[in-house]
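Labels run A, B, C, D and E following the written order; every chain starts at residue 1.
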Amino acid sequence: MELNIFGIGILTWIVFIPIVGMIIVLLLPDKNRNAIRWTAAVATGIQVVLAGIIFAFFDRAKLGINDAESFQFMEKFSWITVEAVPWVGRIEINYFLGIDGLSVLMIILTSLIAFIGVISSWNIDKMVKGYFALYLLLVTGMMGVFVALDFFLFFIFWEVMLLPMYFLIGLWGGPRREYAAIKFFIYTFVGGILMLLTMLALYFSVAYTDPATGQSVHTFNILHMMNPANYVDGGLLSGVDTTWRYVAWMALFINFAIKIPLFPFHTWLPDAHVEAPTPISVILAGVLLKLGTYGLLRINFPIFPDATVYFIYFMAALGMISIIYGAFCAMAQDDFKKLIAYSSISHMGIVVLGIAALNTQGMVGGVLQMFNHGIITAVLFLSVGVLYDRTKKRGLYDFGGIATQMPKYTGLAMIGMFAALGLPGLNGFVSELFSFLGAFEAYKWITIISVTGIIITAGYILWTIQRVYLGKTPEKLTDLKDITPREVLMFVPLIVLIILLGIYPAPAIELMNSSLSHLVEFIHGGGM
Amino acid sequence: MVENTLYSISLYLPEIVLVVTLCIIIVADLVLKNKEQVIAWIMLSGLATAGFFVIIQAGTVENIFFGMAALDPFATFFKVLLIITGIFVVLFSIKNRELEGYSSRMGEYYMLFTGMMLGMLMMAGATNLLLMFLALEIASISSYVLAGFTKRSLRSSEAAMKYIIYGAVSSGVMLYGISLLIGVTAATDIYAINDAISAGVEQTMMLNISVLMILVGLGFKIAVVPFHFWAPDVYEGAPITIAALLAVASKIAAFAMLIRLFSVSFIDASGLSATGTWSSVEGIHWNLLLGGMAALTMIVGNLTALRQDNIKRMLAYSSIAHAGYILIGLVIMSSEGLTSIMIYLFIYLFMNLGAFYVAMLFMNKAGTESIEEYKGLGHRAPLAGVALTIFLVSLTGLPPTGGFVAKLYIFGAAISAGWIWLVAVAGITTIISLFYYIRVVRNMYFFKPDEDAGRIEFDTLSKAILIALLVPVLLTGLYFQPVLEFARNSMLMFGF
Amino acid sequence: MELTTILFYLFALVTLGSAAIMVFSKNIVHSAFALMFTLMGVAALYVLLYADFLAATQLLVYVGGILILILFGVMLTSQGYTLSFKTITVNLIPASLISVGIAALLIFAFLTTNWTISEVAERTDTVYDLGMLLMGDYILPFIAVGVLLLIAIIGAILMSTRLSADNEGAS
Amino acid sequence: MSSTIFEPGLNHFLVVSALLFSLGIMAVLSKRNVIMVLMGVELILNSANINLIAFSRFTELSLDGQMIGLFVIIIAAAEAAVALAIVLNVYNRFKTINLDEINLLKG
Amino acid sequence: MFTNLPIIILLLPLLAFILMIFIGNKLPRKGDWLATGMMALTLVLSVVLLITKVGSHSADVFTSSLDWVVIGSKTIGVGIMIDNLAAIMLVVVTLVSTLVHLFSIGYMEGDIRYSRYYAYLGLFSFSMLGIVLTNNILLMYVFWELVGISSYLLIGHWYEKKSASNAANKAFIVNRVGDFGMFIGIMILFISFSSFTFEAIFDSISAGKLPFGSEGWLTAAGVLIFSGAIGKSAQFPLHVWLPDAMEGPTPVSALIHAATMVAAGVYLVARVFPMLTADALMVIAYIGAITALIAATIAITQFDIKKVLAYSTISQLGYMIMALGVGAYTAGFMHLVTHAAFKAGLFLGAGSVIYAMHAALHKLHDHDTDAQNIRNMGGLKAKMPVTYWTFLIFTLAISGIPLTSGFLSKDEILAGTLAFSTINGHWLLPLIGFTVAGLTAFYMFRLFILTFHGKTANEKILGGVIESPKVMTIPLMVLAALSLFFFYSFNPFGASSGWFYSAVVRPVSIVPELLQPAAYPVFYEAVSSVHTIAMVLSIIIAVAGVFLAFLVYEKKKISAEKLAQHAGFLYKGATNKWYFDEIYNRVFVNGSHVIMKALRWFDETIIDGIVNGAATVTQLFASISGWIDTNIVDGLVNGTASTANRAGRLLSYIQTGKVQTYLLFVLFSLLVLFILFL
């Protein structure tokens, strides 16, 4: 399936529209803030439209994962090709984009969150131009990761996000922003180095025979890496169940675990969230964390099915620990944002547990949870942002009785809260359900312990609601305005999705069902 | 004999152009008044002409001057790099405020500079131990003086003195090693040496000792641990243009020589397989030695850089560290490794020069070399700030900058050759390097400039130079095929 | 014993002995003169090795040039006659350990090495051959060394002359 | 080849050169005075030259060794000239030429 | 008929909810008429449905479903199922709900979140009907949680009060504990049978398929599902939330915390009854019995009118659960229905009293006197006749006095327990059953007497008490009528001859034979044989309880204080609710506080500390000098790479600035290399 707009593939459009926006933003004069904002809004808005088109035209039945033929909207151009010289085979790096059931939902999520992020960035007044330029660059990086099928490209997009994020936290963040920014940077950078090394090891272990010339070509093509037949004899990562393959898996896993973030690689997250400005928190929790689990599914699982199976208990256990640990830590926080940050750790633990089940329910649940959590935390961070804008406070004990002051806002925020709590009828429940169902099939006790997390979650969420929204209003907070239309605008699409997917998740699930089923079979078949 | 000489001369045009340039500068220095700019432009055009001839001669594979030197793609590659560096540094010199107080001496400055360029170009092509040593000395002696060019400065004088003592001893030791090598192989030509070694040398111990001693001299030039001590002091003391020249050009030339010497002399010619991997002469594990040195260099360079506050000194340690990364390519002992060295050097040239250049601009305008005092500079000089950020990011090795591609190739080559531990060290030290690079960025941006400190404006030429450095750094990050092909095609060395 | 043997030992003794004096003498002027004897001893050794032209060059360039330069250096850089002619040593212990170590190692290596000796015909006159080589095989280094000397002269002049508008000591 | 070990052969010269080399090293490492250090460097260069010429006498190297020796002498002269000029400049700035007193640049 | 009608019934309250949320406030009278009217319509439809179902399709089960999602190759559907159980339950829910809507018009008048209140009632009704109608256990869980959340919202209706929001939280979280078990039970079933529908699950089990191939897991699944009921029906040990839930408005207590939601647990057990093994049923029976006993003992000692009723609710729910556990399926379910009527009545009656008390207190501007404390009441008989008489009927019903509906169902339950003990010797169950029957009669009449009879301590207040308005008394009268026997069976002494017994038949157990409880015919025979004994015994005990209450509280022949003193620690324990709250507070609340604080400390100190390396120490020293704040990144550099930094410092020490030292290092390295290479 191909879809071209002006002769350029839709995926290229959706990835690079923000870059176009960034260039326009950079060319606009500093003073013209509204033009800058509108440019960003239009660029991300176009992305949403394109995501809608992709959603409409996406063929639900195609498998993807390891089969190049069944990827959709594919674009493949030779990017860097160096002809063979006597001592080394041909080098080939492709500009290779394509999506399957695994990525399509993430694309929709990214475009949506990016758009909403722009709306919630509207009241940022400091260095507007720089802010939106970096923001748009960040969006391109995120989107790129989800569509890249060439490891090299994947890596570039992956690392492109690093610097904008560093600056966005570090320049527009809270009082301890530098600390948070550098911590984020270092963590992710460490992961990046691990991924780089693994990527190179893979590159040199994989060579496919070019049907046209008969040459053996080393390649960064992720799909080629999934085929055991493509591994060269004696390559570092050739074979099955070798120590090096385990090491490589682990290196990648740590990289992704940092992004997810999985216990014990999570400590950057609370700091980053607390310090980041609201829209960046939204992006961070809404999309960036998903990159980790997406990477696991896109790269770790299909390329190293043997190592995946070998380490899967370990992974599930880490998921379990994250769920419980994150929930307890969330309960212990006094800071609203920190609480949500820890709840993200807990909820992303569910994703990990779900995908670690290595069965279709679990995977579907996990991926759906990625999407749902993205939407839910976005709502939560936006709610904090709304309060913070009005009061400049984030401490849970600083509030009270907001429900009487701002009933509309409270209603919206509560829906987000309840969704986070896993209330049936809202989307969080559906994905948690399938994640746990899948996990339970694979690991009884781990799952049972994990499910206790939902009790703790209920505990801290309700406690938060009680402290912030219920009770009597403190004297200082009696003059709060209820939310403005702009703020409503950023909540509404998310809330609608929360309810819609809670009641009828099938449109989301059918997007990925066949791909993920195929992935499960693929792993259990040892990559055959 | 004469024909050969004449023919050789026709193939040695770039060097000859430089000699001619040197002479013109001497004359111009005597004749002209207000000569600074003119001489700079004379030198620029000399370099450009030399570059022109280099490019014209590209592709030729010839042994010239009775085996003293070679003209081959390998040499061409390095000459191109050297001339680019030279051109940039001349441009820097025009802009450098440090040199303003020495206008009467700028003639000498450019003479020595030209001499140094000449020496370095000769280093890239030399295939005879004598010429190698001689070329090295030409480059060194000019650089000793250049390092002390700003005579009024105590630091500069000290730097020159330390440099020359260190250099003299190192070259002395190297010469001793050369004498032993010549004694062992009874040859001065590196191909003849290889023949002798391949035929089987009984005096293995002697050979080892001689190579070690030669390494002291080359290691000094490249500034690899443990022969690096001079570098930070000299970089800090020398005028920043010269520091840049030493950090980039000097290193490139020395690498050219080192690679040629090692890959021609000390390998088992019979073992040169079709895959491009080669092995050193039996019983000698040069790669292990070099690997150890590379690892040490990366560790020491990066760790020490952490604590520096002077930007020149920090860049000195960073360039030491980079020498470590580059050395990995040699450790691998394969054409792949050498290709990656060449790619690395190509990119390193732009990013490191860029960093030095912005440091110089800041020194010109803000009058500081201290990283601590960079606070808020990013807001005051947006273009330079962004540029420095990109250069530093590239030095760190993050995509989508050239530095990433450079590291990618080095790491990749090492992994494919199975040097996992070395890559691990490289990876860890890369992470460490992030700290000191990012610290500069953080100081530039995360602080508000003083209220009264206004914006820093630069003139068009300064900006043009900056852009000229910036574009390749970004471009090579995204589309590096030309560099890649250039490097691969330049792998051809005379006789190999 | 042949004459050459005796001469070898004599010159070797002169060379090394005066070198030792140079190194260990506390008076820099003494050292300089000791260096002169060392260089002359080396020249003599060259003669023993059939390198008469080199021996001559050694005497001319070294004893006639470099040594004078050094003496000038000594004179120019000492304000008081007696005081700073005394040179104090630093790093004595590590320095001696290292130099002894290196000497021992080198000698050990030399002695255990089995050199391939080829008996070359005795040369009576090397000047012509050297000249031919210089104009032939070694033409490039020959020219290059000329450039080197030019650069060295420029450098030396640059370094040793005072700047026109220069107030000494300012920095 | 000589029959007794006393008869001066290649090794004899090499030993002399080795000793000269290490004396040079000793001077370089232990003398505070820059000029003494430079003298040490001259010793090192001379020792290398002895090697070269000895090899040219005893091995197949023939005249190449002498040739290189010749160049080395010239290089040594050039280097010494420049070095002394630099030292002079340092002396003008620092009023001392003791190496251990000139360490503004460190760390 | 059986597809569309139930869906309309289900969606009407949802529609009411949506309308009330969005436009409720803009409607005249804030939309109470709309909500009430829609609920009444639902009631009418439900009655139509019940009559049609029981009248002409009594033996049939109607299901219809559609696909919800497809996951892998498994299709998960959503659907509805109408059997007699559901049809009856529908009427119960909609009836009580309608009456509560009506009652609330009076009771909640002038509340600041009036329309919100009605919206939540709608949401609750919708969810509750969902539980009733669904054909699959997942959907049941969904609605299960939704009623939980509506309950949460309604308990916390007056959220300005800390106690109200606390109670709401407690209710939800305690329920979550039960739901946790239920969730795992559901997972076991789905993993084993690949379906959520009762039908498919039962089919698989009856085909001999066991979860994970083990009989133990089948029992476990049953017990785990039941744990959902433990939470929702406030069974021991999760009963603690229900008394606190009385913080909500009284009509809400009547609807949710007496008649419908809490009975959902019973409904759930009835739904999954066929798959419960004998062991699971035993657990259920004992849990029910213990709950009944504990709650009854506590009820005796309480003075808050709603608290007494709350504990009595728990106790009665224990009865129902016990009934199901022993196999008296129909009796248990029937008790659910009858209890719904009279307990809703009791609560509404109490609401009426409280409303009146409030009004009276309000007039006096007295905000200190507790309007719900029965010690502040007394002698209301004359002031509120309608309330009095209806309340009496309810009290009689709950005490199990003949001619009331309560007698019918309770009698059957007691007979069932007795029969059960004759079959397998568990004599403790009937013993508890009869004891609780006596206790119930006693404490209910204690409440009744203290409230309506005698004299009050404070005439001033009671002087102002007047009967509640019509909208409040009419529901009471309706419910009082429904608490009489003839609605359920025309024989006042034997329920089994009525329509109810023929409509609701105990389903056949489908678990493997070895695991089955006593088969229905056996059980039925045992019940028949002990029925008369049980009936006589229960009447005697109930009357004795009533009599004793009159003796103590009306005639004051026996001093209540003395009785309490005699009872000693028993009394003390009962007044303090057997210390459940305290223990839970200590263990779970404090426990989780300790854990969370510990983990927070662990996270911030250890995990982050490892990251920051020895930084903590460095930073400590650094912060003393006030240096760190300006050099955070340096601090981090010092921190994360403190070793690196130290090494860096060491290395820069080597960089002494003395060129000879450098050369020393160089030549030393050379020497070392020499040695290495020799």
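Assume contacts are C-beta pairs under 8 Å (C-beta built on N, C-alpha and C of every residue); 3 or more make two chains touch, one makes a residue touch a chain.
Bear in mind that the values here come from a model prediction, so they are computed numbers and not experimental data.
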Looking at the contacts, which chains touch subunit C and subunit E alike? B, D
Identify the chains adjacent to both subunit A and subunit B in the sense defined at the top. E
Give me the ID of the chain with the smallest distance between its Cα centroid and the all-protein Cα centroid. A
By number of contacting C-beta pairs, the most connected chains are C-D
Could you pull out the chain whose C-alpha mean position is farthest off from that of subunit B? E
By mean C-alpha position, what chain is farthest away from subunit D? E
Just the number, please: Cα centre separation of subunit B and subunit C in whole Å. 31
Averaged-CA centre spacing for the pair subunit D and subunit A, given as whole angstrom: 66
Provide the C-alpha centroid distance between subunit A and subunit C, rounded to the nearest whole angstrom. 71
Distance between chain centroids, defined by C-alpha means - subunit D, subunit E (Å): 97
At least two other chains touched by the same residue of subunit D: list those residues. 21, 24-25, 28-30, 34, 37-38, 40, 49, 54, 59-60, 64, 67, 71, 75, 78-79, 82, 85-87, 89, 93, 99-100, 103-107
Residues of subunit E that contact two or more other chains, please. 633, 636, 640, 652, 655, 657, 659-660, 663-664, 667, 670, 674, 678
Quick one: which residues in subunit B touch 2 or more of the other chains? 130, 134, 137, 141, 144-145, 148, 151, 154-155, 160-162, 165, 169, 173, 183, 186, 205, 209, 232-233, 307-308, 435, 438, 442
Which of the chains are touching one another, listed as pairs? A-B, A-E, B-C, B-D, B-E, C-D, C-E, D-E
With touch defined as at the start, can you tell me which subunit D residues reach subunit E in the complex? 25, 28-30, 37, 99-100, 103-107
Which residues of subunit E touch subunit C in their complex? 660-661, 664, 667-668, 670-671, 674-675, 678
Touching subunit B in the complex, subunit C uses residues 105-106, 109-110, 112-116, 136-141, 144-145, 147-148, 150-152, 154-155, 157-159, 163-166, 170-171
Flag every residue of subunit B that touches subunit D in the complex, lowest number first. 129-130, 133-134, 137, 141, 144-145, 148, 151, 154-155, 157-162, 164-165, 168-169, 171-173, 175-176, 178-180, 182-183, 186-188, 232-234, 236-237, 307-308, 313
So, in the complex, the side of subunit C touching subunit E is made of residues 90-91, 94-95, 98, 101-102, 105, 109
